[in-house]
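Below: a set of structures, written as structure tokens.
Below, chain A partners chain B and then partners chain C, in two separate complexes.
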Partner chain A sequence: MNLSLRKINAIFQLKLQSIITNVSIMVAPMLAVGFVLIMKISMPKEVMTGAFLLGFGVLFNAIMGGIMTGSYPLAEEKEKNTLRVLMTSSVNGAEFIIGSIIPSIIMIIIVNIILVPIAGVSMDKINWPIYLIYTTLSGFISILIGYIIGIYSKNQMQAGNLSMPILLIFTMTPMFQMINKTIQNIASYTYSGTIINFINNMLTIKYTVDFKDITVLMTWLILSIIVFIYAYSKHGLDSE
Partner chain B sequence: MTQTDLINVQHLSKHFKDHSALKDLSFSIKAGEIFGFLGPSGAGKTTTIKILTGQLKQTTGSASVLGVPIEKINEAIYEQIGIVTHNSGLYDKLSVYKNLEIFAKLLGINKSRIDEILKRVGLFEDRNKAAGKLSQGMRQRLVLARAVLHKPKVLFLDEPASGLDPSTQIEIHRLIIELKNNGTAIFLTTHNMEEADKLCDHLALLNDGKIVETGTPRELRLNHNKKKRYKILLKNNEEVTLSQSMETTQKINWWMTSNELVTIHSCEPTLETVFLEVTGRKLI
Partner chain C sequence: MSLISLKNVTKQSNGVTDLKNINLNIDSNSKIGIKITPSASKTLFELISGNIPISSGSIVKNTDSIIYELQTDGFYDSFTVKKYIKLFKKISNADNKYLNYLQEFSIEDIWNTKIKNLSSDQKRRISLFRMFISAPSLILIESPLTNLTDEGIELYLKAVDFIRNFHITVLFTSYYMEELLLLSDEVYRYNDKLGLEKIDIAEEDDTTNDDSGEKFHPQNVFKVACKMADKTIFFSPDEIDFIESINSVSNIRIGDEYYPSSLTMNDLEEKLAHFGFYRCHRSYLVNLQRISELISYSRNSYTLILKGSNKEKLPLSRTKMEDLRKLIES
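Now for the complex of A and B:
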């Protein structure tokens, strides 16, 4: 399959505009920043620690935002019959996916960086290389999960219905892990739980790269790539 | 396949689980020719376009577009073909201009061509308007503009003027004829017999996935003009319809000589009548 930089760039510009103008996609990063800001201002500092706020924000942005930026635009393209037009205008699947993922990833990275000062965390407390790699990787996994949802959805409503339980599992499990040991154990094997634990450890104790964290993230990455390739090869982006 | 055949179809069939959508279709289309598929809804017109544009696989038979067998169609061929369907989507939040700009970038086309085509379809004044705010007729003109932005060699039009007001239909027909005159091979599907009659060089009547008759619109009408009749308007406002006979010839001769005859029209069947005669069903 040939890749044309010109076409990838055209899709990138199109997707950037479509993400920015789609309220249902922008709600995740806006909520991430907004909630963190409101909680920081309105709740006592003892409860709303920097680690909690940053973890909360990253969950909203990279996990929820990632899944939504993957699923909604693809479902919207199908719903409005524009995906078929693109695919019959000399764009191949790989060019479409690469051009679509780049603006989503950039948005996730920017918001993940902005969240640090908004959560009131000192910039020098962040292990930036690992923070960026882990959060970007989790955003990428979320986008792939979003694409899988998008492949199986015919419209945005269906994408929303399919996304909701998955969003709840990945965002709520790490949030409620302090309630009991079983949830904590389950959360440690999810990519979202790994991110929360990493942020907690980074900001409370000195974080050293953990084999289990890397294994969990890589397993989720490989799994999501395999399922995505299976779904794509079986149904294409816009199957009959 | 001759050298100028841009589309060639041989014994093409498509079976879905419970029915046959297309049965043994064969036809070819040359450069600068409009080939029409005339048939009612569900006859297999859109399925044919989907197969010829690589969006659907045929069950049996073979076809090629621009010399490329349809099994080997990939994204490269879309740089030379344009597709307009009745549900071709637009990016509603983007302006008219931006909608074309995306495709100009994708296809590596100079931006000056955007203004040129917008002027041609009468949307230049509305170039900054959001596509979502366009009327149905304007949307269809924009879809057509996008399909011909890259000056395709082959154009697939699936009911391009369906549901449009008469003036927009005329405008779209004018554009289609202009494209044909510039050498584009056009595959047009329609259930509108007037559209087919006006635009098409060759027609295939499609019923239940099968071509039941082919020819030029005139050939089709004349071949089925078995009972030759003439509708005559006389000076006294009397309207008479007469079959061809020696008596009719004499009557017409007399009315013409005595200056009684105001109008005279032959009553060859319309394409709709031909379709009804051949298939036993209407073109709806």
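Now for the complex of A and C:
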């Protein structure tokens, strides 16, 4: 399969614009920033620690935002029959996917950085390389999950219905962790749980790179890539 | 030069036959039109462009630069025309010279307008321009004139002629014959049992194939005989909706059914003229009692709509318009 940088660039610009102008996608990063800001201002400092706020914001942005930027635009292109027009204009599936993942990733990274000062965490407390790698990886996993949902849905409504339970499970991970030890243990094997634990540990005790965290993230990454490739090769992007 | 040729191509999916027995040769600069349903048209386009494999038969392709448009294709509504065209210009790496041709497509005045504010006339021309700038050798288009206004049709036809001057071959499909007659010279009809059949637009020869066996018959009693397998069916003229010439065979159309007749169109015209039939087009003989509407889609063409649930549409040549008017009014 030939990849053309020119076409990827064209898709990149197209997607950048469609993400920014699509309110239902932008709601995730805006909620992430907005909620963190509101909670920081309105709640007592003892409850709303920097770790809690940052973890909350990253979950909203990387997990919810990632799944939404993956599924909604793809479903919208299918619903409005514009994906077909691109495909008949010699854009292939890989070019389309690469061109559309890049703007989503960039947006997730930028918001993850902005969240640090907004959550009131001082810049030097963050282990930047690991923070960026972990949060970007989880964003990437979410985008892939979003694409899998997008492949299986015909329109935006269906994409919304399919992504809602998955969104809830992953963004609510910290709340589930509070229920009991067993669930906390299970949650630590989800990629969202890993991110939360990492942020908590980084800001409370010193974080050292943990073998389990890396294994969990990598397993999720590989799994989502495999499922994505399976769905893509079986149905293509524009299945009917 | 032949761009694409399809031989006995059949496509089945999930046990259903989508297309059967397609024999078609697309020469460069040919003006082919195919009367076909929208779903079959989509399958045909995908087969020709190589997006889906064929089930049987063979396709010989001498070009890969094929682009197609379906009637349901969408636009990025929030984009302006300029931005939309620039996107596709970038994708197809098109030359800047194409931007000088905006006027030929009558889209210069809407260059900075958002697509969601445009009429379907204008959208159709933008879509045509988008395909044109990628400089393909073959463009396949489904039903471009459906739902357009008279002016829209005129401007679209002008743009299609312009594209054809660049040696780009354009093939149209539509469910409506009159659309195809405006857009193409060579018209085929797809029949899901027989495959593609050429419709005779050219005048057929005056063959002397008269039924001399019937030496005498009372005036004003005439039945059209159609031989089906081993029996001959007789139809009264008043039962017939219209007669269509397909592959040089006159087909009697009654409701949804076709019955081939051994008589030529000219014979039938002569015999049925007394019963109120009129040759509205070289390939059509219509029962005037069945006409319900006359519509003009553009300055040069008229369409007759017949009574009945399927509202069959027949083309009416411009030159015949006056004759018909006289016939009906007298």
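The rule is simple: the second predicted complex is superposed on the first by the 239 of 240 C-alpha atoms of A that agree within 3 Å, B and C clash if a C-alpha of one lies under 4 Å from a C-alpha of the other, contacts with A are read in each partner's own complex, and residues count from 1 in each chain.
The rule is short, and it goes like this: contacts are C-beta pairs under 8 Å (C-beta built on N, C-alpha and C of every residue); 3 or more make two chains touch, one makes a residue touch a chain.
Keep in mind the model is a prediction, meaning the values are calculated, not measured.
With chain A as the common reference for superposition, the partners chain B and chain C occupy clashing space.
Applying the stated contact rule after C-alpha superposition, one finds that A:Leu14 touches each of chain B and chain C.
Contact with neither chain B nor chain C is seen for A:Lys40 once the two complexes are overlaid on the shared chain. In the superposed pair of complexes, A:Arg6 makes contact with chain B and with chain C alike.
After overlaying the two complexes on the shared chain, residue contacts for A:Asn92 are found with chain B alone; chain C is out of touch. Applying the stated contact rule after C-alpha superposition, one finds that A:Arg84 touches each of chain B and chain C. Common to the chain B and chain C contact sets on chain A are residues 6-7, 9-11, 13-14, 17-18, 21, 80-82, 84-91. Per the touch definition, chain C reaches chain A in the complex via residues 49, 51, 67-70, 72-79, 87-88, 90-93, 130, 134.
Within the complex, the chain A residues that touch chain C are 6-7, 9-11, 13-14, 17-18, 21, 80-82, 84-91. Residues of chain A that touch chain B in their complex: 6-7, 9-11, 13-14, 17-18, 21, 77, 80-92, 240. Taken together, the chain B residues at the contact with chain A in this complex read 50, 53, 55-56, 74-76, 78-79, 83, 87-94, 98, 102-103, 105-108, 146.
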